[in-house]
Amino acid sequence: MTDTWLTTLITDTPQAGFELAITLSRRAVKYTQPDAAVRERLRPIYSEDANALMAASQIVAINFQTIAAANDYWRK
Amino acid sequence: MTDTWLTTLITDTPQAGFELAITLSRRAVKYTQPDAAVRERLRPIYSEDANALMAASQIVAINFQTIAAANDYWRK
Amino acid sequence: MTDTWLTTLITDTPQAGFELAITLSRRAVKYTQPDAAVRERLRPIYSEDANALMAASQIVAINFQTIAAANDYWRK
Amino acid sequence: MTDTWLTTLITDTPQAGFELAITLSRRAVKYTQPDAAVRERLRPIYSEDANALMAASQIVAINFQTIAAANDYWRK
Amino acid sequence: MTDTWLTTLITDTPQAGFELAITLSRRAVKYTQPDAAVRERLRPIYSEDANALMAASQIVAINFQTIAAANDYWRK
Amino acid sequence: MTDTWLTTLITDTPQAGFELAITLSRRAVKYTQPDAAVRERLRPIYSEDANALMAASQIVAINFQTIAAANDYWRK
């Protein structure tokens, strides 16, 4: 993968950080399965299966830990 | 998603922080499955399946780690 | 949920902290499934299924990380 | 559960800390399923199923993070 | 395994760190299953099964936490 | 288990730390299932099942977090 998609973990707001966490989660899937057609075929499974939605939420939570720490929890 | 729903991780009490952790967990699901009707159809699975409830509790635990750190564990 | 059940993460001993971690784990389930009758019906699954017991132990471990950090690991 | 089983997270060596992590993992199971007879019945599942052994190893890893941090990683 | 593949956790950019996290995730699989032919046979499962892709994304997220902390979140 | 197998978390290189993380992951399994014959029987499951390999990789990732922190990420 040669495109640049991640240059900083710093965001203006917690919400932007949360959305970046979602981006990280999806990018990891993309690295493992680079074929967009396959990912497209799997999309209904992700988004309509309760367990997969839970798994997605958990990955976001882990990535959000990283991003929140990077931003010192947007405390200032 | 254009609405603003997360402006701070700081809460007055640990309990409010725990409830914010629940909000984060649900929001991640909402980002993955924006269609409210589909989420509504899946709700009984989340709430009446033991494994799904455990998974939900785990996601909350991870998000609560983040929020508790952000609030310096409400120590003062 | 309007009752107050979590006012501090500070406990006198590591064991009390561990027991608070169990409380947090159960509370998350309660938020997701507020109906006590449904939870009661699911209880045998939690407590008699090896995988569910493992899942419960993992959630407690995650919550205990938070509480132990909050208490500076009861070092003093 | 009224007995005292956890008075400190501090151990002399990393190995003693790792073994304490195992104790924490088992104790969480015991809190969820206090009946020793049921736990005994489930034991073969824990110890002879590859997935359950992996789950056990993961819980130990999480608890070991906590204990290692408490001991400042036995650096001195 | 005698080859040297990991000499530093420091990377120039968050994206390079994320890609190192993917390397760590794959290396762990390689240590557990050193036979390339077996891994090759399993590859379609990893990359075409929604749950396995989620699992992969989660492992990357955990390794990225480590690498991001090592790089002080590329804050400077 | 009376043998001494873990006297320090400090390693010379990140790679040695990663390999120690693998040792920790396996040791936890050994504590739960001390019978080598049973573990041997389960080995093909660990090493030829995609989900089990993912689980193994995740446990290594968690243990590597601990070891990397102990070594201050081999920054110096």
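The chains carry the letters A, B, C, D, E and F, assigned in the order they are written, with residues numbered from 1 in each.
Please note the rule applied: a residue touches a chain if its C-beta (ideal position, glycine included) is under 8 Å from a C-beta of that chain, and two chains touch if they have at least 3 such contacts.
Not measured: the values here are computed from a predicted model.
S.K.: Tell me, which chains sit next to both chain C and chain F?
M.R.: Chains touching both chain C and chain F: D.
S.K.: By mean C-alpha position, what chain is farthest away from chain F?
M.R.: Between chain F and the rest, the longest centre separation is with B.
S.K.: Hey, which chain ends up farthest from chain A, C-alpha centres compared?
M.R.: D
S.K.: What's the distance between the Cα centroids of chain D and chain E, rounded to whole Å?
M.R.: Result: the chain centres lie 27 Å from each other.
S.K.: Using the average of all C-alpha atoms in each chain as its centre, how far is it in Å between chain D and chain F?
M.R.: 16
S.K.: So, what's the distance in Å between the C-alpha centres of chain F and chain B?
M.R.: 31
S.K.: In chain F, which residues are in touch with two or more of the other chains?
M.R.: 46, 51, 55-56, 58, 62, 65, 69
S.K.: Tell me the shape of the graph of touching chains, choosing from line, ring, star, complete and other.
M.R.: ring
S.K.: Put in order round the ring, from chain D and then through chain F, what are the chains?
M.R.: Listed round the ring from chain D, with chain F adjacent next, the chains are D, F, E, A, B, C.
S.K.: Hey, which residues of chain B end up touching chain C in the complex?
M.R.: Result: residues 13-15, 18-19, 22, 46-48, 50-51, 53-58, 60-62, 64-65, 68-69, 73-75 of chain B touch chain C.
S.K.: Would you pull the chain E residues touching chain F in the complex into a rising list?
M.R.: 1, 4-10, 24-29, 31-33, 38, 42, 45-46, 49, 51-52, 55-56, 58-59, 62-63, 65-66, 69-70
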